[in-house]
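Across the two complexes that follow, chain A remains constant while its partner is chain B and subsequently chain C.
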Partner chain A sequence: MSAVPFFFDILAYSAIFVLVVLGLGIIASMMGIFNFAHGEFVLLGAFTVYMFQQKGIPTWVGMIAAPFVVAIVGLILERIAIRRFYTAPIVAMLGTYAIALALREAVRALLGGRFHNVDAPLAGSFVLGEVSISQWRSAVIVITAIVMVLCWLLLTRTKFGLQMRAALENPALARASGISVNRVYATTFAFGSALAGLAGGLMVPMYSISADMGVPFLIKSFLAVMLGGMGSFEGSIAGAALVGASSAALPWAIKPVVADLLVFVIAIVIVKFRPEGLLSTWRK
Partner chain B sequence: MSVNAAPPPFRRVLPIIEIALLVFALPLPWVLDDFWVLFATKICILALLALSFDLVWGYAGIMSFGQALFFGVAGYVTALLATKSGVTSIFALMPVAAFVGLVLAFVVAVIVIFGKRIPSVIFVALGTLTGSYAVERLARGWSWVGGQNGISSLPRLTAGSFEIEEGIVFFYIALGILVATYVLMRLLVRSQFGLVLTGIRQQEARIAFFGYQVQSYKGVVFTLSGLIAGVSGGLFAFHEGFIGPGQLGPVLSTQAVLYVLFGGAGTLIGAVLGVAIIELISYVLPQFTWLGETVTAFLETGWPVVLGLLLLGTVMFRPTGLIGLLVSDRERVGSFGKAARAAPPQKSQASHEPA
Partner chain C sequence: MSQDDLKGRLDSESRRLFLQRSTALAGMVALGGGSYVLNPKGAWAADPIKIGIATDLTGAIGYAGIPNLNVAKMVVEEINAAGGLIGRPLKIFAEDTASNEQLAVTRVRKLVTQDKVDVVFGGITSSMRNAIKDTIVNRGKTLYIYPQLYEGLECTKYLYCTGPTPAQQCDTFIPWLIKNGGKKFFLPSADYVWPHELNKYARKVIEKSGGEVVDEVYFPVDHNEYSAVVSKIMSSGTNVVFNTTIPPGTPVFFKQLFEAGFQKKGGRLACVYYDENALNITPANEIEGLASCLDYFKAVNDAYGNKLQEKYTKLYGTKNPFTAGSASTGMWRGINLWAEAVKTAKSVKRDDVATALDHAKLADGPGGPCEVVPGTWHVKMPMYIAVAKSGKYEIIEKSSGLVDPRECVKT
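Let's look at the complex of A and B:
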């Protein structure tokens, strides 16, 4: 057995994970809200693709639709509930947890509590020398890379990105400068939700869809965001890559059960001693 | 003359609710049939879990999303003792459950609470949630403790040669432990110690500037709450005759949060009420048949959606919980120590957190 498929698996898992964390990280750093419903947004994205397949529409259409559907859901939730929570991060945690519960159980009722599979739009595999590599996983890695670059450009090179960073830095001053902070927040939230939806849509062919698929992602993403440090784009991605890669790679070396525990404990201990995130000292 | 009259007499509602609930609970086994006695026992046991969360969140402002960790592990340890070593005496198992909860909570506190800098609330919430999730994964994959299936068909608890059956006797044991815990907790949170806790909840930095060892206070209260959750878990395992990974993880942990927020954090009776009401709603909802086919079919599996929406409504519109409808803010905050009754403290209006 060669090491290539092994690294490829890890890369594909980390890619999905980076997408999830990116959405969570943007919402957490820009708005100071730890969105407990983020895992359920991933689930909704997966569910959208599943519904499209049930209706006989090709899966790739569903995958394109998933981010938009989830963004709309996110936008509605933001307008109804989440905007009330901006001043109180703990209430926000509880409120989004309640939203998560409602969303998850609604999907569970609709799915009938079972696991379902969705076919990948690209089913075959490449053959490179002696190793074969799943086409879909490669596509996921490429898409993630593109989305990451686009996000970075959006945050650093566009007017909207500037407004977003301004609203993060000093909401009052941003308001005084004529930026509609409310609208920026709403858009940011919808954007973060869309990323979760995209991740959910892309991952269904690799993992089967069930109502509880979002929960593990949620906890690991929180750790990744804290590990990378709140409020930084690179930090979130670095944290995501670290947590994603180690939780995908470690089960090959030691028992999967112990591996999970180890990842969690190490992450928590690191965050305890470096609450500003791993990159903070390095950046200064 | 009457312009400067004394404020209207301050009527205390909480003791009335507490006594009414106790009077209501005491004769229950004679009124209800077997199923409902079991149900009432379960409520008493879960009320202990809710109280343990209320103590850390409602009084000390520590957001613990990991109460099920102490609950579940204590349940597992006592269940293992009973099945593998044949210990069934309640006088041995319940102290063990309490001790396991205490030690485990202390370990978690060392990681997430103690330390030089004050950890952010988010970190504590995530740390406890992660702990709960990680241990659930561990239990699911560990075949010695039953893996996915958990440990079932536990023997009954015994007291001497007497076998404690689920039913009336178990109900009174659970109720007795609940009432005793409740009374002790009530004394605790109304003492000077409770005053410090409340101070930490409202304005942690200020209490630290007064010279209090804030982290030690939080650690002690967190460890105590682990003890209570442990007792609850031990009772639960033997009452249900079963303990599984589901009793360890984030689902039950967050359920505890739900109970307390719904009932009203920061009042002990609110936690108990929250358990009773949510458990009743969860039981009754799937049986609504008069709402039409589709709604019934949906509620059969989808009833937790309603719970989620209820919780969202509570968090958005009634942060003081249901108890806030009955009890005034002044009484909810209460008074501390022996001499404090003369001048009840004012509630701070600025904070959005449950007071």
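Let's look at the complex of A and C:
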């Protein structure tokens, strides 16, 4: 019977992780920007939901609004700062890190440095005999699956997806073919930000909001993108699923402190043998 | 009014104006550099006694550092309004240690070498205390008072700890938990010094009181997935979860525990740093019945505490409240005990004050009276067991008299 919560919890944590990594992966793989402010975009999504709750508006409305709010913030930041970094990836890391600090400290000031809980639109658990399963976590798993499919369709089946991939593969040729690379990059960045906002909005009922809520996800998210291989959308998801699942599963068997380390060791070993990313052979 | 009188008044007026302006300037400087100088109000003939406050006004621990400085300002103003100490006013030199130990050492060095303060109060986390204590006590030859509840074992001459120790938080609390929860304890913890040392002590008390520890599990400090440990807690028949995980993990852990039905099956949640601030971390129903043991809760409803709360709220609002878990009570006790010692010693020299501080007592305070246990650098105080009910604490038990810190006792 204990197998049910085991698999459910792994699935739930992986789902949250995939949501966080989706946006990061799209920005990293499509634009070559390692966005160190991604954790803070997640935070802004959560903060939007928190603000809605403070104003007495139901949190599910906030969750719908969060991706749009964060997309706008992302778009503004892209226009002001990020677009200057496209040719200098190292500067981009430092620049986005600075943005991250500014956003995080601003939210900290607004929250008074404390933690605040946010109500889940679905409270309570499904009880199956001895086992109870959180309704909201179940909902997040379903939403993640839907978002994943929609993203995949957007990237592979739409004109915008084609332009995005074209702009990544060969910006000069894309420009020559009449694609506004500038606009595509701005939209891609806003889209990645929106996904971070959605992730933050959906996870905040589980994690409670605090200024540092995005931080623990950041390094592991990069690990996931690295595992999946740069430039591959499916790879990022596979990487996220693997990192998320092993982070949740390993503490069942070994000490959590060791498990945390082991996740990185496993990832490094995999990268050693598959430097092109998890799905590299499958893609060929 | 004679000409001289008028001149004297004008002088003091312009001096006051000067002081007001310089205070405002200090405030502006503070916004940029993280250093504040707060001059005493009014005109004083004697040189001020310099008080150093080194606390985390920004960063992750800011929620505790801000009320700490507020308390310090409030107490210092009270002392100044009552005529200062040994005829001298108190002047605050505050430094923002920004939840960053490396930075803190530089800031604290400035306090002791450049500002030459007579005493330093501050530090919230144990890592902060450990980072700055040498600079203050050994190299700086200055008295240091640390206000936060902590893991004990700090037996350094000239370093006084005015917050509760593991003995104060566990000795009455754990037997109560066994009676009102059960015998099987689970200790989920964050992997740093405070949980390790507190658990060591708690385990001793649990076993001595007839309970047993099912397991003691440590998580990385920023861990945020607890399904494995929740499942272990649920399947082991644990009665009491004695939590020392810290946010950001705690709300996730409590939620998972609640969703797994721990409380519904009669389990008791306990956490000794849980104060009024912590109540917001999770929805109230998820921590219904959570028990905590601290030196003060608003719910203690004592005359002194209520008056202090009222004044504090009037001065600083409700955004950064006066609570025990954020070291506010420790700061309040620290400054007042030190002030008593200065009065007795009639001096601010370190050795004189330390000798007097060893026997310092306060007849009343938030939560009740307190006194330093001579030769141990720790403070006896009353302790309270409180249980969270619908998002508020209810005081369940008050210690009979002052609880001994049981630190630094030669055996």
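One rule holds in what follows: the second predicted complex is superposed on the first by the 271 of 284 C-alpha atoms of A that agree within 3 Å, B and C clash if a C-alpha of one lies under 4 Å from a C-alpha of the other, contacts with A are read in each partner's own complex, and residues count from 1 in each chain.
Methods note: contacts are C-beta pairs under 8 Å (C-beta built on N, C-alpha and C of every residue); 3 or more make two chains touch, one makes a residue touch a chain.
Not measured: the values here are computed from a predicted model.
Partners chain B and chain C, once the complexes are superposed on chain A, run into each other and clash.
In the overlay built on the shared chain, the residue A:I57 is in contact with neither chain B nor chain C. In the superposition on chain A, contact of A:F115 is made with chain C only, not with chain B.
Residue contacts after overlaying the shared chain place A:L173 against neither chain B nor chain C.
Residue contacts after overlaying the shared chain place A:P275 against chain B, while chain C stays out of touching range.
Contact with chain B, but none with chain C, is seen for A:A106 once the two complexes are overlaid on the shared chain.
In the superposition on chain A, contact of A:D9 is made with chain C only, not with chain B. When the shared chain is aligned, chain B comes close enough to touch A:V265, but chain C does not. In the superposition on chain A, contact of A:L153 is made with neither chain B nor chain C. When both complexes are overlaid on chain A, the residue A:V142 reaches neither chain B nor chain C. Stretch 277-285 is the one of chain B that runs into chain C, the other listed stretches 115-123, 187-195, 277-285 or 313-321 having no clashing C-alpha atoms. Residue overlap on chain A between the chain B contacts of one complex and the chain C contacts of the other covers 105, 108, 112-113, 215-216, 255-257, 260. Note for the complex: chain B touches chain A at residues 63, 111-112, 115, 117, 119-123, 125-127, 129-131, 133-135, 137-138, 140-142, 250, 254, 257-258, 261, 298, 301-305, 307-309, 311-312, 315-316, 319, 352-353. Of all residues in chain A, those touching chain B in their complex are 34, 81, 84, 87-91, 93-95, 97-103, 105-106, 108-109, 112-113, 215-216, 219, 222-223, 226, 255-258, 260-261, 264-265, 267-269, 271-272, 275. Partner chain A is touched in their complex by these residues of chain C: 58-63, 66, 191, 217-220, 222-225, 227-229, 231, 235, 247-248, 251-252, 255-256, 259-261, 277-278, 280-283, 319-320.
Listing the residues of chain A that touch chain C in their complex gives 2, 5-6, 9-10, 12-13, 105, 108, 112-117, 119, 123, 125, 127, 132-134, 137, 206-208, 210-213, 215-216, 247-248, 251-252, 255-257, 260.
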